[in-house]
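Both complexes below contain chain A, partnered by chain B and then by chain C.
And now, the complex of A and B:
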């Protein structure tokens, strides 16, 4: 059903460090663009690159995720022209570019399945799906983590292959142990099979950071079901929240969006742009009534949506434990700490 | 693009504009593309997203019944950016429509039952769809009662239809206005909807109650219905949360795990009672 995320038997190969240049050349030669982490001022973001030399070095996590590659921050849904009293609607003509996202972390790779679970729940979002279909994910497992990382608590792991087409783990020699996870991954290998040599019988685990589970998901779920009306808890946790929405904008798994028109006298476009449940206008009715008028209600929505509603409705947790929301929060709200507090709360 | 773009609206031509009340208009819309119109089907209770190109989309119910083919109608009050732009539209203009979305009023299950409609202000349109649907299939239902109130006489919507329905003889119509909202020649009752309902005291036996109105009206009407013997399973209403996509993705219309756009907008009181009070 999920297509992109179907797993076959994982094939193990070795990709020499020096082979990366050649691999990048072959990928580009196949008409695919490569997006990879690049240091830009004080941020590491996914940019189009031509060679591995441009890649950012030595980081735990990229500042922004690669979400924009499949779900752009602002995208045209369709355009229209005014012709007298008539309107002519035109579909977006450009097909999505075949893309390889290289060097993202396993948590970010896992987030594409979360996004997909919303975009293909009931109504199929062809704009998202056509991008996802053209995207190949080559992720790199984590040798390091920081205090914000908690992928292991939400079903992921520093060497998790779920969501990746190829997962690379750098071993002692500097070479990469390549796990070819999907048919798309095989497609990349087929571009340069000579670069993927037989793998040593080495266990990748010793190259992965140890990241113990911080809380039990099932307990969290049970506690959330009991704590919706625990107003005190939600107020206390969100007292310092500014409602700035940064958490949603850096989240690789947040889907919530706005739709807006931009037009002049000749015509215009209907746009879809990232939005945030943390904004006070998000649910404001025209009448002035607002079902989530307090910041504490909006914080509760954020937590409940990701950890209670999505697991029930989409069968996915709306969080991959990347830690960005907490790393970048201007007032130091820490999702992991708040989740642990909920897990440890008394009934 | 090969697959269907779920955000692309149908083009609809405004065939007729009816002024209902100050700032309130009804549009009759026909499909600009006849083929699309032929293939279009919906049921009472469903809603759509209506758009003015260049301004954006707004969510309203379909106010005409599925029994009247070839067009749909919507009634809206001039309030925000999109409805202000809609209000400037003229007959012959093109607007966008996406839908039908959401669940339905289960009219099929109500054969042989009495129907009691209770509405306030601009909330009559979602019930008008059901009223007209039921009147078009009149012999399937027993007694039909409509209790409708607005702040003033001028604010009553569908005035001509209310009059038509009262003249039919097979529908009981009580139209009321809030105290102070009456005109010198107003002959109907003066009073708030819950009080008027209590006085009319329709029987609850074998009766479905449909309630749409401002939150305060609903809040005060429900205890009256309970006193009259209506069970939560036999009381229906709609939720009207803000929406952008209408198809369960944009993330703002949910009440707890319930998505108004997918699981609603029609809910029984029994269902509403199980949901968090966040609407």
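And now, the complex of A and C:
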């Protein structure tokens, strides 16, 4: 059972800014590693840290998501040895290190449930689940947003607690209002209960950025159903798309993967790596037929999968509105703009 | 800009071209590629400092080719790429209309490849002071330091292939890394897979890359890709006295044999 997604009464405490150092110490002392946003050159990525002093400051969103903590970009599934005519397979024993991800945004926190909806669907992915079980999420709510953010349009929000074990909201004094959302969150508090003091009766709303909804999901769904065969729409939207994998790889909710066998005469390994439905060979069959041979078909697939098929089959929207795909797209595809265009299209 | 829009309108109205590949307003301060097919939409075209993408990448893209004969808004880097694509028989004289744009934003009438060659010759390719400094810095490193430097750079690589997708000279419909019988280059984003990918791509571009820098701009994790290509371009110049993007009839330095080629490495 994944405790992260159980509904519980949320406890409110105050975590003083100066207590962060001690908290990090206690977390590390408990045998957990801490992944947090670190700035290097122009990029902010989740790296292993020891102290809050290493944290990136003053940004809207990290460059890459924290997806790699539960679904690595490249992971070994098993290894094998050739012994004469026999093959000896060695299952990789998944020993994920207990991890605290600190400083996630609420949109990213919500993305773990989206990933899980696929990895716990018709097949229980033990590698993913064992990592997720050992991961604790301490998110920080959003005081700022940029034009690429649209969490509120996909059921999220700058102060949403979904998917977080603890949600921190920085208040005027610089201290944090801490919402202890789950059992795992309580486990962190238990490491240093003296650091979590009674909270003032402040409402966190005034510290959150106001992000109006940009489109209606139900309307989007209806329009998507009507426009599957509207080839012109999909061609227009995707003419500038170059078919790289940047959007899929930076997306916290994208799960598609590729299997690679790397072996020599003695044996080898089977690896699972990130893949993207935008690649031209993504759906190439061994027969040579490719049902999605045009970029417009692949673009349609991306939008449909996230906003039509996943809600239908997994009951989850395949997007958390973090905006990374649009910020990092080399040709400025801007997903939000495309979605609004679909919603506002005439019937 | 108005001159550009006027020219675009004319070309579309007379049916001289079916699409004008240019820049339009994008998100925030960015420009984005636009494909204007109706004369009344020519007003979407802009041309300023925000317009940096190498549009020549669309000349070999099947979905864009399907639109019909294009006109292409071409600043200097795009002009060099057009010449190189012509040298590699990817485009022919008359396949496209080139709307040249000078460094100070004026429209240049370039009727054929010779005109482009003559124009481009006025602006010999030169490394910027920053690029020179970076290359020198790496050049001064010991082999071990250089290895560590590139291991750190390539360590970030996700194998998203944005570099390949953005590059106008990476037009192979089936890239080497997509061949799996055998898997020449590991597809996985681990240390050796990343190293091999970037080295192979740099080598496949040596003598062909026109140094537009789009690969580096496209990379979501900020790998300093252009340094590899810049360095190799200098090496090709030194050893073969040629640089890509200067002529529509250039020969591929690494694929041609000439009598004067040194063979002193054969022992």
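Everything that follows uses one rule, which is that the second predicted complex is superposed on the first by the 343 of 347 C-alpha atoms of A that agree within 3 Å, B and C clash if a C-alpha of one lies under 4 Å from a C-alpha of the other, contacts with A are read in each partner's own complex, and residues count from 1 in each chain.
Note that a residue touches a chain if its C-beta (ideal position, glycine included) is under 8 Å from a C-beta of that chain, and two chains touch if they have at least 3 such contacts.
Given the structure is predicted, the values throughout are model-derived calculations rather than measurements.
After superposition onto chain A, the partners chain B and chain C occupy separate space and fit alongside each other.
When both complexes are overlaid on chain A, the residue A:113 reaches neither chain B nor chain C.
Of the two partner chains placed by superposition, A:60 touches none, neither chain B nor chain C. After overlaying the two complexes on the shared chain, residue contacts for A:313 are found with chain B alone; chain C is out of touch. Angle at chain A (Cα centre) between the Cα centres of chain B and chain C in the superposed arrangement: 80°, in steps of 10. Looking at the shared chain after the overlay, A:243 reaches chain C, while chain B stays out of its contact range. Touch criterion not met for A:38: it reaches neither chain B nor chain C. Contacts of A:191 after superposition: neither chain B nor chain C is touched. After overlaying the two complexes on the shared chain, residue contacts for A:211 are found with neither chain B nor chain C.
Of the two partner chains, neither chain B nor chain C is touched by A:10. Of all Cα pairs linking chain B with chain C in the superposition, the shortest spans 5 Å.
Shared interface residues of chain A, touching chain B in one complex and chain C in the other, are 258, 260. Residues of chain A touching chain C in their complex: 41-43, 45, 63-64, 73-74, 147-148, 235, 238-240, 242-246, 248-250, 258, 260, 262, 271, 273-274, 276, 279-281, 294-296, 326, 328, 330-332, 334, 337. Put simply, chain A touches chain B in their complex at residues 77-78, 80, 82, 85-87, 89, 91-92, 95, 118-119, 121-127, 129-130, 228-229, 255-261, 263, 267-268, 270, 272, 275, 277, 282-287, 289, 291-292, 297, 301, 304-305, 308-309, 312-313. In the complex of the two chains, the chain B residues touching chain A come out as 1-9, 11, 51, 53-57, 79-80, 83, 92-94, 96, 215, 240-242, 244-245, 247-257, 259, 262, 276, 278-279. Residues of chain C that touch chain A in their complex: 26-28, 30-35, 53, 57-58, 61-64, 156, 158-162, 164-166, 173-174, 178, 183, 186-190, 193, 214, 217-218, 220-222.
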